Each structure stands twice: as C-alpha cells, then as structure tokens.
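For reference, the structure I am asking about is given below.
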Amino acid sequence: MDHPVAEFAPSLPPRATAPLRRARSAGRGARREGLRRVVLGAYLIALLLPIYWLINMSLKSNVEITSGLTLWPHHPVLDHYRYIFTDPAWYGGFLHSITYVVLNTVISVTIALPAAYAFNRYRFLGDKHLFFWLLSNLMAPPAVYAMPFFNLYSAVGLFDTVWAVALAHCLFNVPLAVWILEGFIAGVPREIDETAAIDGYSFPRFFIRIFLPLIANGIGVTAFFCFMFSWVEQLLATTLTTVNAKPIVSVMTRTYSSAGMDWGLLAAAGVLTMIPGAVVIWFVRNHIARGFALGRV
Amino acid sequence: MARITLDGIAHAYRAVPRGDADYALKPLHHVWEHGLAYALLGPSGCGKTTLLNIISGLLIPTEGRLLFDERDVTLLPTEQRNIAQVFQFPVIYDTMTVAENLAFPLKNRRMERRAIAARVAEIGEMLGLTAEMGRRARGLTADARQKVSLGRGLVRPDVSAVLFDEPLTVIDPALKWELRSKLKIVHRTLDLLMIYVTHDQVEALTFADRVVVMNDGRVLQIGTPTELFERPDHTFVGYFIGSPGMNLLPAQVMGRHARVDGHVLDLGATYPASPPGGRVQLGVRPEYATLAAGDGIPVQVRRVEDLGRRRLARVALGPHELVATLPPGLSIAGSEAVLQVEPPNLHVYVDDRRVEGIAA
Amino acid sequence: MNDKAWNNRAWFFVLPVLAFVLFSSLIPMMTVVNYSVQDTMGQNHFFWNGAGWFQNLLDPTTDIGGRFARAIVRNFVFSAAILAIEIPLGILVALSLPRRGWAVGPTLVIIALPMLIPWNVVGTIWQIFARQDIGLLGAVVNKIGIHYNDTEDPVSAWATIVVMDVWHWTSMVALLCYAGLKAIPDAYYQAARIDAARRWSVFLNIELPKLRKVLIIAVLLRFMESFMIYTEPMVVTGGGPGEATSFMSLDLVKIALGQVDLGNAAAYSLIYNLITLTVCWIFFTTMTQLEARKGA
C-alpha cells in the first residue's frame, strides 16, 4: 500500500479502520432542509389540487356530479372522454388547435431567426426603434386587436381558417421569438462568424450548417415558448373562427351556453388540453431553466 | 493554534468507495506547522481543493480526523473554526462598502463596535485599502476586490490559518506581483499559517516555505522549493517542477553503474538491486545535463532552442529523447554532440519512486 | 456591444419580421385610429368626429367615461394585488426548489404546468373549483363558516380571481428567480459560512442583490400581463357580479364586439394601448440600462 512521505510524528495512536462517515450538515442545516421541503410540498399540492379536482370531475358521471360532493369518483366512467374522441366537433377542435399552434411556431421561429441574427450582429438604420416597436407588440393587449383583426382577416378572406389564428398569434410570438433568440445568439462569439467567412463559407451555408446547430437548444426553448403562448391564447382564437376552424377553446365555450352545464364533458376536455403542454414541458425540462435564465420570459 | 494535523484523512465522493479510483483524496497523514507558508501544488483535479475544503470545514471527510492542536475538529462547523479562506474569484458583498465588507464577519460574531472599527482600519491599512474604505464594493477593480476578500478573512483576530484557493487567477499579470508581496507582508506581520493552493509552480516556489506536491489525490512530496528541485522523490514531482521538467530515461541499474541504451553511466553511489519487474528510470534535470566538448555520452542533436538567457538542446540518446543545456560559448557542428552528467544530480527511480543510493 | 458592424444589408434579414409586424399591428392599428376619429350613422357612412370619442371617454361624468375610469382603477388595483403576492411567493418558492438531483426535472414540470394550460381551461378549473355545490374550494370554505359565493358576492369574486392568477402565474416568477439563483457561484455561500452569516443575512446580502435584474423583469412582465387579463375572469365571473370584475379588456371586448360601438371601442383601444406602451417603454429603457451597466 503506497503511503506518501510522512512528516507525521507518531505520537498519536494508530487507527483502526475508520468507519465511513457521510458528510453531514450541522443541525441547523437539517432543519433548514426540512423547512424547504415543507414549503415546496405545500406549493406543489396547492398547484396540483385544482388540477386533480378537474380530473376527478372528468371521470364522474353527470349524475354523480350533481348528486353531491365526492372526493374521488365512486363510480368512475370514461363516457366523457369517449364522447370527445368520437364527436367530430370535439376532436376536430383539438386538431384545429394543434394545427394552428404548430403553424404559428414554425412561422414565428423561421422569420425570427434572421431578424434576431441581424439585431445582434449588426447596427443598421433604425435598429433600436424597430426593436422597441417589436417589443411593444409583445405587450399588446389582445383585446385591442380583436376587432381590427376581425375586420382584417375577413377582408383578406382568411376568416375562419387555422391560418388566421396562426398568423394572428404572430403578433406576440414573433417579437418573443426574436427576443429570446437574440439572447441565445448573443452567446455565440462573433469570431465564429468571422472564421467561417475566412474559411470561405457562403453566408447561407454558414448559417445553416454551422450557426444553427450552435443555437439548437435556443431554438428549442424559443419553440417551446411560442408553442406555450399560442396554445393558451383564447380571445383571438375564438374571435377569428366560427365554424370551420373552431379551436378546442371555442368548442369548450359551447358547453357554457347550453341549459344544463355539462361539467363532466367540460372537465374531460380541460384535462385533454393539458396533455400537449405537459408533454412539451417534459421534453424541454432540462432547458427550461436556461430559457428563464436569459430573463426574457 | 500551533498546528493542524491530518490524521488518516481521506475523502470519497461515492457512498461506498470500491477502490482507489473512487477516492478524491487518498489516506493522508500530515502536520502543518504554525507560522509557515505552505503551497499546495498540483495539476487540476489532484485533490488540492478537496483538501482545502476539508481543513476549512466546507467539506467533511469520509475518513480520518482533523486536529487543531490536540482538538478534534473534524465535525466542527466552519463558522466555529478560526480559519479564513480566499477563493479563486473575489467574493465580496456588492451592496456594502469596503469598510462594511471588512466588518461583516466581526459583526456576525457580535464584536464590540469600536473594536470592529479599529480592527478594520488596521487590516485596511495593511492591505493598502485605506483610500477606498468608504467606496461601494461594486465598482472596484479585480485586485482591489481580491484584497477585500483577503481582508475579510484576516479581520478576525482569532484567525490563525488562512487558506487560499488559487486566489490570483483573475488578477492581471502585472498586478500579481503586487498582491503576492502583500501576502508576504501579511504573513510576516500576522504570523499565520498559510496554505496556498495553486497549479502554477512559479507561484508556489516563490511564495512558500514548504511546497506540498499532490497528484491524483495523493501527496507525493513535501519540502522546500530547493529540495523539490534538487531531489524529487517522485517522477511526477520531477516532471511537474522545473521548466522544462526532469528527463526520464529507462535504464538498468547495477551497483554503481547504470546502463542506458548500451552506454554506461557512473551513478556516484551504490544502489541495491531493483526488484524484478519494477520499472527503473534515471532522472536528470536539463539544468544538469550539459552538452560539452570532450568525453561523454554521444547523442544526436535534434533541435536547439535559444531562450536568450540559456539555450536548450533537444537531443536523442538512441531511441530516448531528452532535453539538455547548451552552455554559452559552445557551438554544435552537425548533429552529433557529447552529453555530460554529474553523478550527484542523477537520480534513480523504481516504479516512479526515488531510491536512495549508498554513497561510496 | 458597440463593436457591431454597421450594415444596412441587415434590413433584408428583418424584412419578413417587419412585414409581419406591419400586417399584424400597424394596419389594424390604422383602422382603429380611423374609427376613433369618425362616427357613423349606419350604412357605412362615416363622418369626422375629431376628438369627440376621446373627450367622451376621458370625461368621468359621461356614461362611458365613468365606466372607463372605474375599469382602469380595477386594473391597477388588481395588478398591485397580484404583484404583492406573486413576487414574494415566487422568491420563496424559488428558494425552496431543489438545485441538484433527480427531483429537479419532475418538480420543474409540475411547477410549469399551470402556465401551459389554455387560459379558458384555467378559468374553467377555477369556475368549477370555486362553486359551492361541486367545487372543493367553495364547499370547504363555506363549511368552515366563511360566506363565499363568487357569482353573487363581489369580494368573493375578486378573491377568486386573485387566487386564480396567483395559482396561474407565480410559477413564472419562481422560475425566473430560480434561474437567477442557480447562477450564483457556490463560493459566495461558502464565504458566507466562513463569515458566520445567518440565513437571513445570506438572503439579503447575496441572493437578493443578484436577483435584482430578474425581479425587475418579473415585476414588469407580470404587471403587463395582468393589465391585459381577459380570458380567465371572463370564464369565471363574466365580469360580474354586475361590474365588479370588469377589467379593461373585458369592457373593451364588450363594447367592440358585443355592442359593436366602433367609435368608443376604438378610442378605448388607443388609450389602453397607450398605457401599455408607456409601461413597455419603461421596461425597455430599464432593461437596456441594466445591460449597459452589466457590461461595464
């Protein structure tokens, strides 16, 4: 057994095999850890409780719902879900929603990329003003645009199509995408651009083969936020559609106006709308912190 | 406190270490004497920061005991040890002024206000910070910030050891010298035990009374800079210290002589027979391997580097490459030359450890 | 940042974005401005009304003016209330989130979940949850003796909407602060231990200063978004009982799409937009100042 050179006065008694000792925090640290867990646990429960209640409601028959308050479904049924999957208006609603969200995400990210690059790498006439104007669209109240958009999209004949909603959501998603991407692009040193130019890359080739892979997770984060804000928006989505492109958020309002509220059906639809969101977060969970770290959301 | 003792200290980051490789720090026995300045030198990942954090209490070792004088402090929390630590980058509280920064540790320990002010002024003057006492910490330069960091460590009157974890990393090279001399002044004035972690041998050799060389979680040698240079106990020490490091040549050792690639060298001492299967190497520093005119070992010259102050020659002894010194005034014609080595500077290493010879 | 190349060719890069912004924002706004200064007798026949609509709107004694003034107050009160709760709570949650280990992923997913639910579903969740007959919250609160009915009682309605917004968006503040906290190097905490600093002191002197930028962003973003809130209160209370929870956007949509009162709606929109633009400008200048100072 190799032992280092010892400057060690052998006055201390020889040691038997030392018991393995885990690094322990002092008593104060352990109490702090407990408090942290309590706070976190309480918060998570508070978040999940209303969601649980919705799921609870979605699995109860309407009879059970109206006959009294029960903490879990005593006679669980899948009727509401079955209805949604079989009724064309309902599953059509989901399809329309997914369609315009995906369209919007693709459009927003695609046109935001070159703009974000320009904002970060170049100075040009009016760049600060344009950026501010872009940002101000992020803060535009959808309520203000409801009526004008209604007129606009009717005028161009896109009313009641998924394209109308996809394009309308660009109002706030394009600025957001530019903003987030600009932050990620700022993290790529300009030397890389210069080196590529010296190495003889044409700009398009450089952009696609070299630059994009470098900001790949930035594009992912941007796509996530575009997805999120488009998926959750309701006012513009309902204003710009009536029959043919009705998104799920509109279909759900159908159950408001009917005489007896179909709570079970409503709850089931609500539960289903949470699934795409949960799936998307799961995929980007490791990058969420990075996206928020830019402080741009 | 007079000394710090490490008794069998070892640290593994895994819950159940299964072998040597799981230990970040292999079992270690060492006594740090009060009042000395030690440098903890080694490449990245060799365990120096782990060792430092064990001494300061930021890490509790999985094995072994830590003693301050005779007191077992292995589990004692950091704030109760009279230790200060300075980190790689300046750690100061931006929202406070310099004076408030320096006073912070004393306020937390509930020292009396006038005593705090006196102590802060004293340390501030020692470090040359008096002019900036009232300034907000945020706007200071990197070296001023590092001085404040250091000051915060020194301000506690009960501190008897200061630990440094590569503190000059972010300092401008031009200012490193100034900070280093400040450290020496502090050392002499306050008579503290100082442990200075670095991977820069120049820093270690100029700063320390004793240098502790570590690699791969092990302490390889402890000694004065001269000892480390002249008689490295381990091939790694020979290689790591000196620029360029020690030459190592595989050889066969027989009594007073060694045979390298067919050439015989006089060792100046008698060496025991090496155990079979052991790897035997001869070590000689480039400073002591000189090209000469006259007798010696014939070598092939591959390249000569003129460094101004001295000239180095990269030569080959058969298939083995080494670096030698080309004395001023000697010029090489062609690629043949003669190498001379003085026996006292020739060391024998078996399985990387130096073997002592019996002088004739 | 000042060593960027001056290159007007960059306009080609921003052209698509510019086109979109023109299409999505400038042209619609022009129609709004158009309506705001005209009046109609019907049959698409418009005549100039000048500042008439605006004068009406900004005069609290008129019908619409009063409504507008009350709505603005409601918005500011609401934003103040949710900020007062969400910011401290968000910081607290951020401090409690695990930074290492297996629990990080699932915890972040659960935290982020409320933000990914369509806003009308958020409204639906709380609409159900708050009812006395079928909702857990409504039933429990009434059972412990507090009179709670969000469809009839303005206080209950407000409480529900505030709690709903806190539930919905505190996670955003928490995630922003979490990202900020993760960026603090370990050495700061280690130095604090050596300095014998108490936990509260660590928070005040290390964590809070480093969170400054993040908190400013959080406050501005939450203020803006809460100022524009529409869907959730619409679903839960419909703006009621009476007018109690009619925030500006609900009011505006009622006027614009419900009553199709173009002139008033247009004027309303412009003033509304002006307020948000002002706050956005504050946001923009604060951010650029922060970036500039950080680079120094």
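Every chain is named by a letter (A, B and C) in the order it is written, and numbering of its residues begins at 1.
Heads up, the rule we're going with is that a contact is a pair of C-beta atoms (placed from the backbone, for glycine too) under 8 Å apart; a residue touches a chain by one contact, two chains touch by 3 or more.
Quick caveat, the model's predicted, so the values are computed rather than measured.
S.K.: Measuring from CA centroids, which chain ends up nearest the centre of the complete protein set?
M.R.: A
S.K.: For this structure, I'd like the pair of chains sharing the most C-beta contacts.
M.R.: The chain pair sharing the largest number of C-beta contacts is A-C.
S.K.: Averaged over CA atoms, how far is the centre of subunit B from the centre of subunit C? Could you give it in whole Å?
M.R.: The computed centroid separation for subunit B versus subunit C comes out at 57 Å.
S.K.: Roughly how far is subunit A from subunit C, going centre to centre by Cα mean, in whole Å?
M.R.: The separation of the two C-alpha centroids amounts to 17 Å.
S.K.: In whole angstrom, how far does the Cα centroid of subunit A sit from the Cα centroid of subunit B?
M.R.: Centre separation, subunit A to subunit B: 51 Å.
S.K.: Please list all residues of subunit B that touch 2 or more other chains.
M.R.: In subunit B, the residues touching two or more other chains are 77.
S.K.: Write out the stretch or stretches of subunit A touching subunit C in their complex.
M.R.: Residues 32, 36-37, 39-40, 43-44, 46-51, 53-54, 57, 65-66, 69, 71, 110-112, 114-115, 117-125, 127, 130, 132-152, 167-168, 170-171, 174-175, 178, 228, 231-235, 239, 248-249, 252-253, 263, 266-267, 269-270, 273-274, 277-278, 280-282, 285-286, 288-290, 292-293, 295-297.
S.K.: Touching subunit C in the complex: which residues of subunit B?
M.R.: 53, 56-58, 77-79, 83-85, 87-89, 91, 93-96, 104-105, 108-109, 149, 152-153
S.K.: Residues of subunit C touching subunit B in their complex?
M.R.: 185, 187-188, 190-191, 193-198, 201, 205-206, 209
S.K.: Which subunit C residues qualify as touching subunit A in the complex?
M.R.: Residues 4-14, 16-18, 20-21, 23-25, 27-29, 31-32, 92-93, 95-98, 105, 107-121, 124-126, 128-129, 133-137, 139, 167, 171-172, 175-176, 178-180, 182-183, 199, 213-214, 217, 221, 224, 227-228, 230-231, 248-250, 252-253, 256-257, 262, 265-266, 269, 272-273, 276-277, 279-281, 283-284 of subunit C touch subunit A in their complex.
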